[in-house]
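What follows is a set of structures for review.
Two complexes come next, and they have one chain in common, chain A, joined by chain B in the first and chain C in the second.
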Partner chain A sequence: MSDHAANGHSDSFEVRILRQDAPGESSYWERHRVEHEPDMNVISVMQRVAARAQSADGKPVAPVAWDCNCLEEVCGACTMVINGQARQACTALVDKLLDEQPAEIELQPMQKFPVLRDLVVDRSRLFRALTRVKGWVPVDGSYDLGPGPRQSRTEQEVAYPLSQCMSCGCCLDACPQYTKIELTPGVDESAADFAARQEQTHDSAFLGAHAISQTVLFNSHPTGKVNAGERLDVLMDEGGLQICGNAQNCVAVCPKEIPLTTSIARAGRATTFRLLERWFEK
Partner chain B sequence: MANQRVLVIGGGLAGLAAAMKLAELGTPVDLMSLTPVKRSHSVCAQGGINSCNDQTRQLGDSEWKHLDDTVYGGDFLQHQPPVKEMAYAAPKIIDLMDRLGVTFNRTQEGFLDHRRFGGTLYKRTAFAGATTGQQLLYALDEQVRRYEADGLINKYEYWDFLSPIRDDAGVCRGAVAQNLMTMEIRSFAADVVIVASGGPGLVYGRSTMSMVCTGSAVSRCFQQGAKYGNGEFIQVHPTAIPGADKLRLMSESARGEGGRVWVPRKPNDSRAPQDIPTAERYYFLEERYPEYGNLVPRDIATREIFDICVNDGLSVEADRQCVYLDLTHIPRAELDRKLGGILEIYEKFQGVDPRDFPMKIFPAVHYSMGGLWVDYQKSAEGGLEAGSPRNQSTGIPGLYAIGECDYQYHGGNRLGANSLLSCIFSGLFVAPCVQSAMEAQQGSAADQPASLYENARQDKQSEHDALLNQAAGGENPYLLHQELGALMTRAATVVRRNDQLTEAYEKLGELAERSRNCSLSDSGAWTNQNVVFTKALKDMFPIAKSIVRGALNRDECRGAHYKPEFAFSGLESEEPAERHHQAEAWCDRFEKNTEKWLKSSVASWDGENPQIAYEEVDTSLIPPRPRLYGLVGGEVIEQVWAERMARRHGESGNGAPQESSQAAPSTT
Partner chain C sequence: MGSTESSTFLERNEFLIRRLHSLAGLIPVGAYMCIHLLTNASVLDSPGRFQTAVYQIHSLGAALPVVEWGFIFLPLLFHGILGVVIIRGGLPNSGAYRYTSNIRYSLQRGSGMVAMVFILWHVFHMHGWFHTAWWLENVAHPFFGAQFSPFNAASSAGAALGSSLVAILYAIGMLSCVFHLANGIWTMGITWGVWISPAAQKRASFVCSVFGVGLAVVGMSALWGMKTVDQEAARQVEHKMLEAKLASGEITEEEAEEKSAPHAAEAETGAAQAESESDTHTGG
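Moving on to the complex of A and B:
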């Protein structure tokens, strides 16, 4: 509700955006000037920038590309690096950002994913990790087989925060051990071959905090447990839990305040038991 | 037939449910979405999902009563067999979602917890915190990922559906679509295409809907010959948080827990709300509806808030319409315990703590009851014939519609917590129907000549190229969209007047004309959002025109469609005999109106305008009766109506259905 003109801010402000025209091309900074309106968030800033299609110095420019959908912080689409921090553009309020850093807002694409254009990145690796850890309950099927297993209120209260993970990727962007993988298609490589090669590369790289937390969610579900061993094996395999350096950045940036480091600790204990189990099985 | 595939457009609850069920039945599915499916608009649903359950059953509830509440809430405008099938499937759907791992809230004994929602007397609504839609969507997303890992489902995320492909006989054989990253346009052969693309919120500029809810997929089917049903029925939620980019929902539970709605009595009062003494505050809902106060039904609350700002000029802010929703009289600890989640949303987006300052809210477009017209086949029991290829069919062979984008389940007004149900139900139910359609099909998509697909692709490629090469200096698509949104919000939301609708329809023609002149500010060949948006904008006009034309034609009040000129007022007389006489006249008028207007509007597109025909509604299970909530003299009218019905059934010897019950007035 703070009135920026009254608080000493001017009627307009600058937005500095790191742009890139296509994958693999070099990036460049561009300045935009935006009129200040009440209750603005970074999404509405992007909408004004797109409608105006002019940089701060009046030069016609293509609208800046960005990803968004729900604008309520439940879909995870609009992650970008705003004033140096990976977060959701929808909940990044202009007045607060200008209080943090007067007169200018700085926008960059996420740093750990390949840029497709401007602020749009390819997060397919993030979703692929959910397949790697078998992030589902292995039900017999969708036929009517009665209710699910009874669960206590406490179990629900532990599971619910983990199941709110919206795959936004903030935890990954902030993680020092999650490093960017950017492949380029070979000259004679078909789209399908390239996709397969990409998948293969992703499958041996670090899973990330979000996927580790999902294994904890499914391993604690009464039916999901059936695959607990397989999920733990994935955590103990290449690109698994051992890569985590315990920087704890993930939990600090998670917009849904998911207890990611608690999940990592729980996963760590479970893999230790799994290791012993496997050792005794030999 | 070997090698048959289904293409599903949209990966929200309906699309995911259909994809999962088809894969389970062994049919390969291509699943196409504008966004990664996990980010679909279904995630925005907060409240819950309805079904008759073990507890409500022991209090007298039944699937039949769920059906009754749904058609009564919808003002009897929906065909009853599909609603019956849905209500009877609901308990099994909740069981299934529970098995899939949805983190539903639990009772202390470990059963599913339920809350009460509008339009019913029973606690029928299962919920997962304040994010039920998100949790249901994730459970289906996970199952779809499982089938994807098995190779039965292929996802095409970041693809824009451009058109169905129809062969010479008119059969749908696939679709043309565009990759939103590479901008590649290609054809997809499919034996059946299922559209599950959600609502058209962006036609109104800003709404509670997500940015992918452009209605373009539906419009593209409509322009290719599918029909659009009940377009004029748009649900407006009374309390949303106005934002520069979006109108965000503020749950009804804020009023349920004691929230009070008010405006300063003095127009444009510049004082801070806490400095305005009680005597100078106008608690207009409490004054106008002493009995129900702030908890009047949704449509009434919406109309009153609208009226106080638009007609009385009492908006809290001079340049923006809003009223106060005040919780500051309730102790903080109590607010945190009961409303924590939703208050955090307000705080996060407005930067203001609603425990200290009243919230500013205004009604917002929320849901479209209307959508693609679909068929159904009634069973002997009055429900649907399972597996019939007619169910959910758009009438174009091979093209189906499910979820919010079909017109079938909610009639004139949707009950809270019924939308998640209709999405999952129609998605699961359509799968065997599509399979029987494929078995009966003459020749599969794989047998079609390559030219069918290549020509369709080239058509869209030329349109795309022409748009990119449009001369500079034309219309700005984003500004044109703002004009469209303002026009639609003014003319076709809460209160509708024929003069405004006539004017709006003409203006829509002009805007549509101008949209052909859009020039792009982006000629980029990679992730060109400018061109994608411009295409979606152009396709908003057939839908907008159908909404406005349907509203203009419909000279009555029904569900969410309200024209003051045709409203039935309450009884005026206080004298019992005269009051009874007036009630008889009221019922006569009601019956006459039912005779004339209990019909669905069904639009077809002639290339420029919608042509609207009317379809009789199947009310064979529950006879229509007046919705009387809040009406002066409602109890007398109800009595007169009951006597009239008893008399009539006595004469014909054909009573109302056995299980039927006179439900309590709806609160939706």
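Moving on to the complex of A and C:
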């Protein structure tokens, strides 16, 4: 208990959490007081909050819901808005956060995705975008195709950073051009109909930096580039690359430091040539 | 994908339309603004030099409105109206994410909106939007529009910029346009895939900044030169030039009357010309 006092932190600190009980319901702020322990991250804060199940003024409350999985910043599940910026809870260290903003730690769910409960959001639009751009290399067949072509060292060095994307959604949450889409199921609408309607809406909305970067990754892959034209056509469909407004927040907030804006510019060049190809080569 | 049966023409051609919006910002709109500011800056040489440039533009005659609408107004309206649609599609967050490029994103939208309002007013203030007699008499002139007279170019522009408030509004509007173009060229280079790596984007950003500062200097000089022009002296030069054009038959009396400042003839004749000439003017 003496080391954190030396750091200038008091024995406990306040966490302000934006809560929401169910999809579509209104959100509300709730304060929680957490005892300070050495080397805490926001995940351990959430564990203490859940264990205490009491707001700062002593009122018993339902434990705050949140998502997490790997605890080492490779899965993206615990992404939330911490002190106003989208990032992973597992690598958000409490002592650092209190140094930057001593009064309290502020937690909000991601702002661009529908809230399921408290800090848990539905990121299905993010994954749908990867399906839209065909973010894979199709190699399945009825016979052995043998080893694929070799990638040169330089190609590997360009591709590897792009392959580190963990689909956390920070780039989307920080993007001023990626706006929230939240649909509510109709009274007589079946779950399947609602899911289909949601998918259709997502398909004409902005893809986002992560999907653009994955397109560039698979279009530069020696086998993946067979489908390069198809993927570029998706980037040129409604809600494609053209929505990007070059605010470049994506690259600034990416926890994996993926050169997203370089990918966006490369996709810009590729689609420029694709446009010429469509007009003058067909 | 996305091209369901219910999608509209605009949605299906979103990519192409956005690229045309990007292109139109540079060619012809941005290019026109550079020429416009450089031409106006010629007033710093002399009001006569500026008047010569205006005569050159008006030598297009009947083709002038076609060129103006085809290369200036329609692309500008397209760029502006689509710009509003684009602005409505985004949600600036430079308060929460205070990165330089994000602040520039917000400024690009802010300057675009200022530029649109300014240009609409500027074209009304100087040219009145429409040239029919009824409109000019009942709308343009009562609301301080149509102040510019092509054949009294420097003197009428100087008079239109007489009030300091007007000049300040012009400076704000013009600088918004210049920022919007300089920053727009930088984002355009990324959009079309000209500068790709972060290092290249940084170099391009520097070049665009230098261009922007340079154009701002040209624009401010033009504004200053126009505001501080000696209107009386300018009028005399303009009158002499008009007389010469009339004498050579290059322009007609009708055109001269339409494109000269109201009462310009009287003021000039009073100042410098012989009375006999004044008779021919009132007679004609």
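Criterion: the second predicted complex is superposed on the first by the 270 of 282 C-alpha atoms of A that agree within 3 Å, B and C clash if a C-alpha of one lies under 4 Å from a C-alpha of the other, contacts with A are read in each partner's own complex, and residues count from 1 in each chain.
Throughout what follows, a residue touches a chain if its C-beta (ideal position, glycine included) is under 8 Å from a C-beta of that chain, and two chains touch if they have at least 3 such contacts.
Computed from a predicted structure; not experimentally measured.
After superposition on chain A, the partners chain B and chain C are seen to fit next to each other with no clash.
Once the two complexes are laid over each other on the shared chain, residue contacts for A:Ala56 go to neither chain B nor chain C. When the two structures are aligned on the shared chain, A:Ala265 is found in touch with chain C, with no touch to chain B. Touch criterion not met for A:Val226: it reaches neither chain B nor chain C. Of the two partners, chain B and chain C, it is B that touches more residues of chain A.
Contacts of A:Ile181 after superposition on the shared chain: neither chain B nor chain C is touched. Of the two partner chains placed by superposition, only chain B is touched by A:Asn41; chain C is not.
The superposition of the two structures on chain A yields an angle of 160 degrees at the Cα centre of chain A, opening toward chain B and chain C, reported in steps of 10.
Of the two partner chains, chain B is the only one touched by A:Gly135; chain C is not.
The gap separating chain B from chain C at its narrowest, counted between C-alpha atoms of the superposed chains, is 13 angstrom. Once the two complexes are overlaid on chain A, none of the chain A residues touched by chain B in the first is touched by chain C in the second.
Contacts from chain A toward chain B in the complex involve residues 1-2, 21-23, 37-41, 43-44, 47, 50-51, 53, 60-63, 65, 68-77, 90-91, 93, 95-96, 116-118, 120, 122-123, 127, 130-131, 134-139, 141-142, 144-148, 150-153, 155-156, 159-160, 163-164, 166-167, 218, 221, 223-224. On the side of chain A, the complex with chain C involves touching residues 84-85, 132, 174, 176-177, 179, 200, 203-204, 234, 236-249, 252-253, 259, 261-262, 264-272, 275.
Against chain A, in their complex, chain B makes its touches with residues 20-21, 24, 35-36, 38-41, 43-44, 92, 95-96, 98-101, 103-108, 110-112, 128-129, 131, 134-135, 138-139, 142-143, 145-146, 148-149, 181, 210-212, 242-246, 248-249, 345, 348-352, 357, 428, 476, 478-479, 521-530.
Note for the complex: chain C touches chain A at residues 1-4, 7, 11-12, 14-16, 18-19, 86, 89-94, 96-97, 99, 101-102, 104-106, 108, 187, 190-198, 201.
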